[in-house]
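Once you scroll down, you'll see the structures, which are given as structure tokens.
Common to both upcoming complexes is chain A, partnered first by chain B, then by chain C.
Let's turn to the complex of A and B:
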């Protein structure tokens, strides 16, 4: 499937390839250079972005963001190097690189942002970039569906989270995370804490694919393999984990936090492990193990004890290393053999020794077998689970046991089985991958081994500072491979035993799971489709109800709403009495004449059967109104009104000439409904005007404009000064509407009738 | 509809209206007028011409497409607002230049506010004519 496109002759992806590899590599080295400083303490830098809203483009570089930044740029380098060879000859490769780098920048910005609003902006950048990447094979309907699903789910979650951020920002009085994280006790005691927590978790759970939002992640496999590797290891899904870890000092260590995170995380982990066992496509198997890892991370961040956080941070690094390596490895196998079906792959070790080595290193780490770093991670997970109190200890330990045993099995399925035994027939004969594709998995696998042998380095430089950032206080972190014979070790051994037994019978288990799935009524993916169909149905119903397409209906609804809402407010508030004391004694005879003109015009509009007459009569009314403006010395308004009235008559008359001649639909000369609405509008408007006139006039704005108009805006005509200076933005909006309305009308008119032949 | 009287007077009236529209535009900052009113008056001149002759004649007289004028006006208004950024001030802060200013007086005031008003004039002028020409053209 990876090769069915017209190839473009590029060496390593051409310039796009080299740039995309250099970018993360240079950043990686840069962050590596900063590492020793970060170990001693966090750094905050930044510039003001929108100072009036308290939004800053600021950077918080502490152990947690550093760990993520190194993973993003480091694995990013491996992934871009790999893609240059894997996709370098794809016609759309430069576009792909663009999306990938956008994704990388979004993710880096997300983990480095100190301001919650800029964090949100970068959060959405990753959402959009992931949409573009998952849908990269845009001619496949499945691909498009998966991309849209990921976009809608994580995008909605992000918006919900934005709500949480704004509330939290208001509660704390700042959007800077570095300050909010110091106010944990205040935030937790606040009455809105629960709301903030739930809104934040909605964002984190959708992004990190926790149950019940987990289904988008396996579907996201539609993306090209290097994207999957990146999305599953260092980016996207880890964003939610990052958010929970980041917010832990402010929102964590409460009962609600503990139970929501451990329960949802635990269910996600175990459900995902079972689902992983059911898959035949090894890429899908891996996708579900990512879910399992995310569930475990969520569970440990929720547990919140020192060991739990150490376990979470260690496992975060462990998982990124082995998961990226395994995905990249599967890409090589897929490329070389033409299949990813676990039941078809056998005995590849002779044909693909280096790929096999990378797979073995990564899978052994995933299975948690010493001396790999995965074993260190698992030991700390057990230690953390056993260290909890009461039911929490049983729940977390049991979940870890189940999930770890399953990891052992899936490690065997994805890395042992394809390479062991006798070589089986594959669609294309197996051969070793090229070096750019092998480099990443081998280095990542090697790191899994290196960190396993010297866990102290990992503990000192990454896990220690990261734990410090998540806990908000300093504790010594000491990672070790051999902790002596203790409960954790015994549990590990039991895990291996259980895993081994499961692996031996995994094919029959898979068959049963497939059979069970066929009968199970619960299908999240189908549920998603039904949800979308439901939305469409409601939208269709609502559109048919409101947008009938009849101008008459629109007018009736608009004016009736005006009467009911404004008139209703008047009735409820009892404001009809205001201003009734006004007298008519001051009305000049000339003014009476104008009023009579308006009245005659109005009566004519209602009376006449000819639309043309009605339009002209409306013009008379308008001109009468502009005469009144002149009498009360508002020449600007009067001129504008006059011109608009003239133009309206011209435009409506012209428009009428274009309308088809239709026989009258109704013979009735009196329409009670219309009369009621028209009369209602008249009455409500009259009372509105009277009571406005009767209320005391607030001169604050007038005084300001009178005072400021000449000295500050250098103009004596206040109306115009307001239009072009004080409220220039409003005017700009209005002329945009004028221009757009004209263009839209042009398009409509051109669309309805073909233009006459030019001669 | 061809009327000799209308056609003849229109030649004079349209020119007067156009001149008056520019006058209204320029005096707007201190006296009744401004870009919005100026644009409407200017559009009226061409509408009159359209009614007296034809939409094709009016288009020929205008030389540039009215929708282009509207969009260019929008662009001018936007740029006038953005120019405040060059002075490091918020969007749409007026920038002023007083030529030949004697002490106490304001001389010949030139400003981005006037540029903005010209943009408004063009947007309104072009927008209205776009509509009128489109409605007139097939009849």
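Let's turn to the complex of A and C:
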């Protein structure tokens, strides 16, 4: 993390910093106080949020959500304390704190929500907060790209998951998780089970960065180090794991669940372990080990046996403790030496003894060496793997063996190598970090040791209740450090041996991996860019197809849609019967003449290529219309129509003086397609008018106006009374429209007066 | 009468739509005028046709005597006529100004906002005031 920003003088981040530290600390103590109640059984509280949609703001507090809540607030306290010192003098620190607290609230809401829809809302809150935090260094293009990638990928996954939630909610008849989780057998037997499962897993796999969606997580390391420690190792990326664990009683224990989760989880774990070895930046190394942890957790939740769930829940806590500590440690090293390059860091133990201690505690736990809690976790993972049947046992055990050996190696690379040996030259001389930054890693490392020595506490208060929640039934959980000499222990020893051998030669392995990667055609990150470019290309193609820029085309589409939609509705609804009573009997010859005048006039407007003929023909149509108004008892309308018609002819004629002639008519100027559309609109309009006129008429409104016109408004001309009294506001609006049109026309015509002759 | 009126309205609508689909903005304008006439007729006819009984209240009476024409659609059509006129006047000014500025009334040639390709942007197809107000009928005359 570069220090090249103008520093603002703040003590521990100023008020923003103090609030950000107090908030998670108080919540942590609050949840800790609730812990003894949760050990005995889950609790559900809630209030209605959107009752009409069955959305409740309800809280489900059981062992699983409690474990997460304690991790979120506990590690949150360490991280905010650390950030106050690490970023406290950054000009944008208050903004950073806002994002971080927003994330914290979102994450807590996510793990505590009992309603699936509110779970989804909080899920997306964490996505957005993560986007803002990854892109915190907004002037770096790389940060922005990584932030957008994480947002698009996890956001899309979240939306897909929402689809699964809605289907599940409809299948179960409720959105309350506490009720759905008790309907597991019904959900699993439902024909839509497979769809629900895949939609849910799309959300979980993107959020928890499982192959093939894994590439966003290493890129997310563009975020400031405390963010990487908090969001992208300890909490947010575990939201997917949380979701799978949470849904296990409803969706788990099927063949599909077992194989999808164990295969994808296993591949993620091993691929990530290998990729971790390839990195030189130790922050990137840690990012890949996080992927490995997420893969293992997915695999064990998929395996679903009692031991597997215990292993998953134990490893969940174990991993959060050591990984957050290691990330924070790396931030201190980076801060103190100016580099994160594993090949440059050597012999820091004298200059940074406390950092070294924290690193050692965490790394030993990661490597799974006794007496750390990491060893307990690994033992249970082996036990769980060996307890499976058939191919599953071989697959899971092999994957865990490979991943654990790699963890051993990475533990050495990130925590042993930088501190052992002789002090090497670094960009800035190494020095010990300040206490607020050391406190977190030391406490977390200390907890790794504490839980390793007394695993019973961890088992009783956290892992036990969490396992109950995931399994949906109560089993006694007993964690222990020493289980006697058994297959798991022998596998552990073999792991250490393999790890040690790999560590000895990790530099040449890294060189080979880098060379291999350069030749490998598979690159997910570049594939992502191609995908986005593809989207842009499709969007461009589609825009060029639809938005041609031709007014004619738009009009044609609009009119054609009218014909298809209105005409289609007409056909489908069978509305022809309405106008059958109408006849042409008793039509007066004058009426015939007027109608013929209108029809011929409008056809003439189309036919002629002379502007003046067209204007005259328009006048004929207008006068014909006003004659109809006169014939059918509307003298006011007829007068207005006549006046306006005269004005139109005058205005258009005036404009003609300076507008071009119409193009000469030719064979090419007839447009059959347009004629078809125009004919269609005409026919549909005629049929609509006929069916309107043939339908029964409701005269209530008119009766009201007739009765009220004189007594209430003292007017004898009912039309006028309606205009200036009952609908006066409409008339006012009409006047406004005309005034606006006049003003706009004035603005348009300004400066277009004919130029005077120069001489 | 209603049947014939409906057919006449259909003819006016069809001709106006055909005119509005023309590239030439003047013909579009003609279509607009015809269309508002047709729509006014539809609204008017929708209130049913009554011969020889305007909606008036005779002196000394408190309500119309006997069945009179429907007053409501008449009021609506009055409003519509005036607003239609406002629209027409504005559109006419727009067409006029467009011709003065761009030198064309062909909607396909008005491409300042969406040039056909980037070259148009670069090679000054955007040159304003290309019109020659002294000879407005450039190259498309067909006689009166």
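Annotations for the structure displayed:
Note that in this section the second predicted complex is superposed on the first by the 571 of 759 C-alpha atoms of A that agree within 3 Å, B and C clash if a C-alpha of one lies under 4 Å from a C-alpha of the other, contacts with A are read in each partner's own complex, and residues count from 1 in each chain.
Following the convention adopted for this analysis, contacts are C-beta pairs under 8 Å (C-beta built on N, C-alpha and C of every residue); 3 or more make two chains touch, one makes a residue touch a chain.
Fair warning: this is a prediction, and the values are worked out from it, not measured in the lab.
A simple residue count on chain A separates chain B from chain C, and the partner touching more is C. In the overlay built on the shared chain, the residue A:573 is in contact with neither chain B nor chain C. Applying the stated contact rule after C-alpha superposition, one finds that A:646 touches chain B and leaves chain C untouched. When the two complexes are overlaid on their common chain A, residue A:519 makes contact with neither chain B nor chain C. By the touch criterion defined above, A:714 reaches chain B but does not reach chain C.
Of the two partner chains, neither chain B nor chain C is touched by A:700. Of the two partner chains placed by the overlay, only chain B lies in contact with A:728; chain C stays clear of it. Residues 635-636, 640, 644, 647, 651, 655, 658, 715-717, 719, 723, 731, 738, 741-742, 745, 749, 755 of chain A lie in contact with chain B in one complex and with chain C in the other.
Across the complex, chain B is touched by residues 635-636, 639-640, 643-644, 646-647, 650-651, 654-655, 657-658, 713-717, 719-721, 723-725, 728-729, 731-732, 735-736, 738-739, 741-743, 745-746, 749-750, 753, 755-756 of chain A.
Per the touch definition, chain B reaches chain A in the complex via residues 24, 28-37, 40-41, 43-44, 47, 51, 66-67, 70-71, 73-74, 77-78, 81, 91-92, 94, 96, 106, 109, 111, 113, 116-117, 119-120, 123-124, 126-128, 130-132, 134-139. Considering their complex, residues 547, 549-552, 555-556, 559, 579, 582-584, 586-587, 591-592, 595, 598-599, 602-603, 605-606, 609-612, 614, 618, 621-622, 625, 628-629, 631-637, 640-641, 644, 647-648, 651-652, 655, 658-665, 671, 674-675, 677-679, 681-683, 685-687, 689-690, 692-694, 697, 699, 701-702, 705-707, 709-711, 715-719, 722-723, 727, 730-731, 734, 737-738, 740-742, 744-745, 748-749, 752, 754-755 of chain A touch chain C. Residue ranges of chain C in contact with chain A, taken from their complex: 1-24, 26-27, 29-30, 33-34, 37-38, 40-42, 44-59, 61-64, 68-72, 74-75, 77-79, 81-90, 92-97, 99-100, 105, 107-108, 111, 114, 116, 133, 136-138, 140-144.
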